[in-house]
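Notes follow once the structure below has been shown.
Which chain is which? They are A, B, C, D, E, F, G, H, I, J, K and L, in the order written, and residues in each are numbered from 1.
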Amino acid sequence: MSDHVYKKVEITGSSSVDMEDAIKNAVNKCSSTIKNMDWFEVMDTRGHIKDGKVAHWQVTLKIGFRLD
Amino acid sequence: MSDHVYKKVEITGSSSVDMEDAIKNAVNKCSSTIKNMDWFEVMDTRGHIKDGKVAHWQVTLKIGFRLD
Amino acid sequence: MSDHVYKKVEITGSSSVDMEDAIKNAVNKCSSTIKNMDWFEVMDTRGHIKDGKVAHWQVTLKIGFRLD
Amino acid sequence: MSDHVYKKVEITGSSSVDMEDAIKNAVNKCSSTIKNMDWFEVMDTRGHIKDGKVAHWQVTLKIGFRLD
Amino acid sequence: MSDHVYKKVEITGSSSVDMEDAIKNAVNKCSSTIKNMDWFEVMDTRGHIKDGKVAHWQVTLKIGFRLD
Amino acid sequence: MSDHVYKKVEITGSSSVDMEDAIKNAVNKCSSTIKNMDWFEVMDTRGHIKDGKVAHWQVTLKIGFRLD
Amino acid sequence: MSDHVYKKVEITGSSSVDMEDAIKNAVNKCSSTIKNMDWFEVMDTRGHIKDGKVAHWQVTLKIGFRLD
Amino acid sequence: MSDHVYKKVEITGSSSVDMEDAIKNAVNKCSSTIKNMDWFEVMDTRGHIKDGKVAHWQVTLKIGFRLD
Amino acid sequence: MSDHVYKKVEITGSSSVDMEDAIKNAVNKCSSTIKNMDWFEVMDTRGHIKDGKVAHWQVTLKIGFRLD
Amino acid sequence: MSDHVYKKVEITGSSSVDMEDAIKNAVNKCSSTIKNMDWFEVMDTRGHIKDGKVAHWQVTLKIGFRLD
Amino acid sequence: MSDHVYKKVEITGSSSVDMEDAIKNAVNKCSSTIKNMDWFEVMDTRGHIKDGKVAHWQVTLKIGFRLD
Amino acid sequence: MSDHVYKKVEITGSSSVDMEDAIKNAVNKCSSTIKNMDWFEVMDTRGHIKDGKVAHWQVTLKIGFRLD
């Protein structure tokens, strides 16, 4: 039970709303193909500027999940 | 007046709401025991995923406060 | 067309609202003097604590813009 | 022969024994699905504490393997 | 359209020619299995020395691609 | 239940045996004064050399514990 | 003579040719507005991938120049 | 004798004189409450500018001390 | 009043005297063209050696100033 | 007595046994040519994988020794 | 056979041609005094600018070689 | 003339006076065995505390020198 092994994948989510939403979009996208997602770590936060305003929030995260 | 000395402590706050709330929870918790808190620095942002959704935001910060 | 050159400047925005608002304030301030802003990268997130509560969010970002 | 291409994956192994065993568990787990594993790099070492004692060693590594 | 999600994979390419060629080899190898590759980031540059001369250039990069 | 707050302290343990023992010594020492220790993170590994041999292993770790 | 003061600016150059050409494009662009450029430091190397091939090399550098 | 355990605390000292004085102020402040201080490590050097001149030097250090 | 925006510029000062003097030279040089300078952060300390002796101290700092 | 000067050299030791043994091999090798070795710092831990198992532990360390 | 020990030295090569040539110059220079050179790692890339053009490429690398 | 090759060595100097003196002691010590020293880079600043006061300043630097 105790000697689990985990894999981490690096994902960039984007959103026009805010940083939390960019993270949720990334996690949501992965949930369709990855089982047993357990945690995420924010690596990097960026964004796109258009016409002098923030147009998109882009957050890169590592998502850790348990290998069966 | 000018030669103040400060101490920093490293605290992880969590919240099911968002990243700002995790930080506020950390600061609020410390306010009961630490006087003269002056600033914080975000060190690390992570989160817990449950059933394919973000369940908790976890933000580690350093909190600086003036030593009397 | 393809060999554009970009400059990055380092800006700290602050806000009493939240982290996204601190970033928007920084971008908005620069929009009056910088043309062709294209992206930003978050470098550092800090804040000011007053009376045991978060009083200001301070986000340092690099803003990239195309040189004509 | 000389222009090989490699991929790295990021894996966290855990063990109640020691750090080397956590690494071996990670490598062993991957050996069932990844061919041609060639090297690993330790990224991060953590552990779980229970009842005032180290209960698990958790080592995150990158594993490099040759793409056919 | 705007809320794309991207994945990054970490690849090491090698070449006896130069650093750019090692990168091209890595990208070329991935092009057969990854659709929608969008950008790369150089992480690390190394090389193999044989008989007192550079024999191979080895460049590790992260390749970002859009998830459908 | 979910909005716990944690504190991290930075501790250096030493041992003449091995790295795991240096970590255990650090955790054991703290267990007499810190309740609810939950995890540790290895920050730095050093050692003392005497008469051309490793005399002590010194491991600096951060220990995280829940604040009541 | 000895107590010179220098300023550094951060510039991203791009090129479809190679990394050196991206750097030369950045330096060349700045030469029209900055006098007394003295050195550069490479910060980051990226690139754009199109149709499975490297389309552009993007190198971010800091350029140091003497203030009169 | 050999298996000592040490704790590190993070302190910011300030001074209008110079960097060494800021460090001495930090160490001196701690000497009233911490026994067995053994070493310090400089983490960060900053300063306050007022009327176009350096008004204060601020040095953040970690101070290591032996736990009894 | 509270939502100020700051810019940081990166400057290298040099001095044949000591590190503090190199920093003062950098700040003094900027004071003729930058208003509202508020703080500096030391990024890097180097020096020039001539005839086996330290000939110049070179300190690179970021200077933060408030945008009007 | 107090103004000693030290040099650090960077050494990679390897072992088929464990990480501590790789470090001991590195220190032992240097002991034949370096006098007054005083401490080591672990920089990097890697390993070689063969037939799906860890074949060698490779630890890079800096070894500090006093110059006469 | 398996428990080799390696040393790394840090070398800066320069060239007026390109980055690869700066690396080759560094390796070539060392080949006259170092036997058994095995690999290099690029640490840092800089250059000298003269009359608004790149005059020299300067690449700092670590070169690893086997100790007999 | 232009394609010089340099080597860097890592040295720790100490002094009971101040940080500049620790650096000068390191450079002075090396001047008896190294020709053509050209620059230094500060890597790390530490110190020894005795009886609640700073007893020694310890500065680790890399010293670069031209290979003939």
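The definition used in the following text is that a residue touches a chain if its C-beta (ideal position, glycine included) is under 8 Å from a C-beta of that chain, and two chains touch if they have at least 3 such contacts.
These numbers were taken from a predicted model, which means no experiment stands behind them.
Here the chain-to-chain distance from chain H to chain L, counted in touching steps, is 1. Distance between Cα centroids is largest for the pairing of chain A with L.
Remark: chain I and chain K have CA centroids separated by 31 Å (rounded to whole angstrom). Separation between the centroids of chain B and chain J, computed from CA atoms only, is 38 Å. With centres set at the average Cα position, the gap from chain E to chain H is 44 Å. If each chain is reduced to the centroid of its CA atoms, chain E and chain G end up 22 Å from each other. Multi-chain contact residues, meaning those touching two or more other chains, occur in chain G at positions 9-10, 19.
Applying the touch definition to every pair of chains gives A-B, A-C, A-D, A-E, B-C, B-F, B-H, C-G, C-I, D-E, D-F, D-J, E-G, E-K, F-H, F-J, G-I, G-K, H-I, H-L, I-L, J-K, J-L, K-L.
Residues of chain D that touch chain E in their complex: 2-10, 62, 64, 67.
Taken in their complex, chain J has these residues touching chain K: 9-16, 25-26, 29-30, 55-56, 60.
Contact residues on chain C toward chain B in their complex (touch as defined above): 18-19, 44-49, 52-54, 57.
Residues of chain K touching chain E in their complex: 19-20, 23-24, 27-28, 31, 37-42, 63.
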